[in-house]
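Just below sit the structures, each encoded as structure tokens.
What follows is a pair of complexes built around chain A, which joins chain B in one and chain C in the other.
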Partner chain A sequence: MAPDDKGALFPAEGGVRERVIAFLQKAISQGCFDAVLMPAKAPGTDSFAYSLIGDGQLLKNAYPLPPVMSVQGAKAISSLTRSGKGKKKIAALIRPCELRATVELFKLGQVDLENIWLISIDCPGALPLAEWAKDPKKAEDAFAEILKGGPSESIRPICQICDKFSTTGAEDLHIGVPGKEASGILLIPNSPKGEAILDCLGIAAGEDISGWKDQVDKLTGARVEKKRQAQKELEAKSKGLDKLLDTFSKCINCHNCMRVCPICYCRQCFFESDNMQFSFEDYLKRAEAAGGLRLPPDTLLFHIGRMLHMSLSCVSCGACEDACPTAIPVAQVFSLVGNRNQEAFDYIPGRSRDEPPPLRVYQEEEFEEVEQSHAAVPAKQEARDG
Partner chain B sequence: MGEGFTPRIVGFLCNWCSYAGADLAGAAKLEIPASLSVIRVMCSGRVDPVLVATALLQGADGVLIAGCHPGDCHYREGNYYARRRFALLKKTLETLGLDTERLMLAWVSASEGQRFGEVANQFAGQIMELGPNPMKTKISL
Partner chain C sequence: MAKRLGVYVCECGTNIADKVDIDKVLAAVSALKDVEVADRYKLLCSGDGQGYLKQSITENGLTHLVVAACSPKQHETTFMKVCEQAGLNPYLFQLVNIREQCAWVTPDGEEATDKAIRQIRAAISRVHYHTALEKKGMECNPDVLVIGGGIAGIKASQILAAPDRKVYLVEKTASLGGKTKRFSKLFVNMESGPGLIAGEIERLQKSKNIEVLTESEAEQILGFLGNFEVKVVSKAEDKEDKEQNFNVGAVVLATGFELFDAKGLPQYGYGTLDDVYTSLDFEEMNLADGPTQGKVLLKNGQPPKSAAIIHCVGRAEKGYCSKVCCLYSFKFDRMLQSQLPGVKIAHFYSDLCIPGKANQKFYEDTRESGVEFVRSAVTEIAGGDKGLTVKYETETGAKGDLAVDMVILLPAMETSSDARKFAEMLNIPQDDKGFLAEEHQLLSPVASAVEGVFVIGCARGPQSIAESIVQAEAAAGKILSALVPGRKLELEVKTSQILESFCTGCKTCIEVCPYGAITFDEDRRISVVNEVLCHGCGNCAAACPSGAARLKHFTFPQIYQELKEVLR
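Here is the complex of A and B:
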């Protein structure tokens, strides 16, 4: 899965942002691709949004790693290719979690990647959207320090336990950010399309990248441990019916978490359909049994239902948590459930474009432990005339 | 437990095997728990875990899913998908710390009226022992 231990050093100066922009400018000017889809600052504002940029000069507004994830990149790509591929070659520069979500959407038939070049970049995490909205300038300065390698306690909780912040294996090209002493950025191709970019730039993937790789592996190890710890604490806080109800009791039924989720691509959500509308008598019956009923009802069912529908593809990007107006740790709970479900099916969402989603395939002999065994209830052949 | 408690059990039965098996159990006048409400589905593979979660969270005491034996699916492979979906459901509830004992996935063929009766009675007994679904009493669900 992992790319070979070879990459190309693209020589450039300045911070990460300047180096990446230099690479993209060169690639556009050489015609490696026609345009870039990446976060950029809207002129005259503090806001970041995905932008389709064809002009090398306009790249000056681009931010490969903005302080926040305002829109999940997979959603941007999906909106671009919803009605099929275009004729132009587009390079999409997105965070690894956005890339993994894109790969999931690809498998679900929601994006067309034929003319899209997927490029990911080592991600330091993102700040909580709400924190940034309070004071964008301050957040930007704080994030600049994180990009320089400063302490990262202020990044979102879900980012702090992210162990897939670097190459995922499914991108065309990965941008590795080596240590400060390096004189550029690493371009690590992971597909023929990625190799074509290097050819187009006229640089060879001859650089030894083991130093960068060691750095990534070390942080991955630390994150895996941190995640294990954090999930243990989360389980203690939210496991069981009462604690679960507590956790989601602040939910205001806005369904923002579903709307911003890259995996929730359904045009009509089951939970907003008539299937979830019940009769007055039905509600009354439930209210009588419980001594009352929260309205609108089925708040917990919405969240559990969403877990059942999308957790196998959940990439723990945190968009849901950012969008929650009442600060429910949605992403952390979903990520926990997602991880456990993914482990059960030996599946890592976004790891490979060829790996089918677990519910689309089966093996004849598996999961026998979930069935009612024949030993418990012996099957008896019944006499037809009995 | 169980004093004056009549469990409500929802049974999703596949049209081709388990529903016919239940029918045969009825024709043979076998005793089937009256608490079982049957929903006929064309295939066990159609049972979206969300339907099961809906039944449970809205107060069903147990949910039974029954389909053709592996290899015998009328649509060749629907029950294999059903098993994966069920495994996902169980794992999810388990991670959330919710009761997975209130769920059962069983294979019952069209000729196994006897087995259907045994599965249904065994499951009803299991639910009797568990007692009422606590979700029924939660106002803020």
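Here is the complex of A and C:
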């Protein structure tokens, strides 16, 4: 269901956070859902973590848009429902990239959405995890300014080129954050489940939301352009085996990027399995052939392999980059490769719950141009030799 | 145990030897790890060659074998047999194609030699990682599933059933007999259809080992000749759904036909005008237990004084002649005449189709009895106070009208609405008209493209009862000769396996498996391969995002080792 130009205005005061909390409190008190899964501050600390909150009062610790993405929300939902749905109705309030990852996991059987209400919200981006860790207080203050509409150069590079920071169409309900002058937040239903929330709150989707949409479209356009530029530059820096080796030269093989990635949900990562263990002689042979071998070996193979495994579903959420101890632009590289692969299949991860992942779709006539280019290789070679 | 590899390069007469410098190849590979012997031979596939190979394997105590020769399509099984004879597990062998993929296609001798070395090095590297695999056999299941209890299905079941062979006859409706049981008379001898069916059912009940499942449908059929796993669900109206699972060795599809929907051609007035009937409606009217207790009557309760029979309704739309309509229409003439002496009948036809040794006379007798034949195209059936009017146009363009009391349409016979379901379930093609396609129209008319699945009767196109029975007998004969009780089936060895500790339960493999060999274990939340159904196509291993599905003999280390040497 594509959002049309109507939504409901939920009247509330204060900043975005207060307004969203007011909405959630009301929804819980009216019994629209039993609990909310969303980021909250652990009492007495500066850290944010996904929490399951069933008590409207406790929502005061909740942060619909925390300054950082400490855990990818899709992972939180998956850990909650992977082995089946619960009885309670749970609303999960997550950022759009987290939502898209959740939808991918849904298609791959890793989450059960039957009793989950997916709610997304216009996202201003997140700060790099490392920046925040240096001085959480300062980072929080800086982020508060961004939430108020202040300059946003400090958000993560992947967020600065994020062109899917608003509704994706696959959520049950999207929270639109209109301009400052508005007297509430917009609730935009995208599914019968989303509509049920509005019914339960007793408000109608009668509000004209074209003003908000224009604002989203404008920023999207700017982001698309910025992303195009940034990806072009990154491509120049990382394309080809040598440059890719350079890009990942600082990699310490910690596999953090894989562990935090929502799409890398494997029970046992292939690259940590005995499939990737070779005999001593084998390594020696390779060392001889190449004049030397970096150990542990196959660092780049891990990254290329990981791309091969999951880039069609990469939602450009930046979790991997946040987790990289040596500041490699992992997410930017994966997002670049992912976007190219996704374009080839006309696939946008997380766009729709019904769209099958490309690996499951068989088309007899597909990628003929690739076949052609391979068929043409001998001819080219002949031309070169002759 | 230390590995002892043998590497043999075949000269293939001059085919390989003329292009590839075999001595250079042998020099390059003989020093590789664990290579015990490296030798050349003129024609390894010849009797002498095979003997030499066998002897060499035993004498040298080889544990692994690499043969560089022609395409595996040609001689892989030959050399695998040699291995078996020499007591070596045939999966500890790798064939390298240096003929089609090297000698024949590489113009330069030096390049070809270099390429052959790479290919053989890759095979040596790979074969190190081979593991012995055991061939598995299973006894073929001689039982048969027949779907559709019309005359074709009944006849096939009768012939197939035997003390050591069970037949499951699955019929969708509540009773056997198909269309035939509703035909009061059959051409050309005007026997009774219900009588014929009653006799056949009696015979069916007498023959041993037939289980008739009425009000039932086959919901799933997986497998291959000798081993199909079948799920049948019985849905009797007043009872709970009952699911039955059993195995059979062959499947016979006899799901029959349906009539073209005459409402699709509104000019004939079917469904809008009173007293316009289809052929099947007319058959019903003639049955003692039909709506008029067997009397041909108009809607107003009066017997008709005249009738028009319209041929070929929907023939142009379907694009084929249904072959039996002309013949049963002459049967209709007799049915009308015997009840309604003096009734006037006119046939409107463009072509008549009356082949066969007994049928010409049937037609001529019909003409002589005073039935009129008007060669023309019917443009419209019009209604009115005084009955119906057939408006027609002859070949010369002359237009005419005929007033009649009753109109009988002869709609085309079309494929049963379940044909698609079975085509998809069993992976068998439908022809361009939608009927279940035969393997070959001339040479293999009752087999389908899938071994072990047969199509008979009107499921494969319009037929008469006699023809349907001939096909039932033909399919039964084929099955009886193929499914001999006790016969062994060889199963695929290179099957897929899903590793529980890797599987995330994403079900991707289930969607890509063309043989339905993977199921989901809800308790463990992982996918599981049925090795008996797996054909080893490798789809699941390629598609599994988590590396959980793995194909035996194409494991990651094997492929990796091979590629590494090719690319080095």
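Please note the rule applied: the second predicted complex is superposed on the first by the 370 of 386 C-alpha atoms of A that agree within 3 Å, B and C clash if a C-alpha of one lies under 4 Å from a C-alpha of the other, contacts with A are read in each partner's own complex, and residues count from 1 in each chain.
One rule holds for everything that comes next: a contact is a pair of C-beta atoms (placed from the backbone, for glycine too) under 8 Å apart; a residue touches a chain by one contact, two chains touch by 3 or more.
Everything quoted here is computed from the prediction, not taken from an experiment.
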Room on chain A for both chain B and chain C (clash or fit): clash
First, second, both or neither for A:Q110, with chain B first and chain C second: second
Touching partner for A:K239 - first (chain B), second (chain C), both, neither: first
First, second, both or neither for A:H309, with chain B first and chain C second: both
Chain B versus chain C as contact partner of A:P358, first or second or both or neither: first
First, second, both or neither for A:R267, with chain B first and chain C second: second
First, second, both or neither for A:L293, with chain B first and chain C second: first
Broader residue contact with chain A after superposition on the shared chain, chain B or chain C: B
First (chain B), second (chain C), both or neither touched by A:S249: first
Touching partner for A:S83 - first (chain B), second (chain C), both, neither: second
Partner chain in contact with A:A344 - chain B first, chain C second, else both or neither: first
Where chain C runs into chain B (options 25-33, 43-51 or 115-123): 115-123
Residues of chain A contacting chain B in one complex and chain C in the other: 270, 286, 289, 309, 359, 362
Residues of chain B that touch chain A when the two form their complex: 24, 28, 48-50, 53-54, 57-59, 70-71, 77, 80-81, 83-92, 94-98, 104-107, 109, 111-115, 118-119, 122, 134-141
Interfacial residue positions of chain C with respect to chain A in the complex: 33, 501-508, 511-512, 525, 543, 545-547, 556-557, 564, 568
Residue ranges of chain A touching chain B (in the complex, touch as defined): 235, 238-241, 243-245, 249, 270, 286, 289-294, 297-301, 304-305, 307-309, 311-312, 336-337, 340-341, 344-345, 358-359, 362-364, 366-367, 370-372, 376-382, 384, 386
Contacting residues of chain A [partner chain C, same complex]: 83, 108-110, 265-268, 270, 273, 275, 278, 281, 286, 289, 309-310, 356-357, 359-360, 362
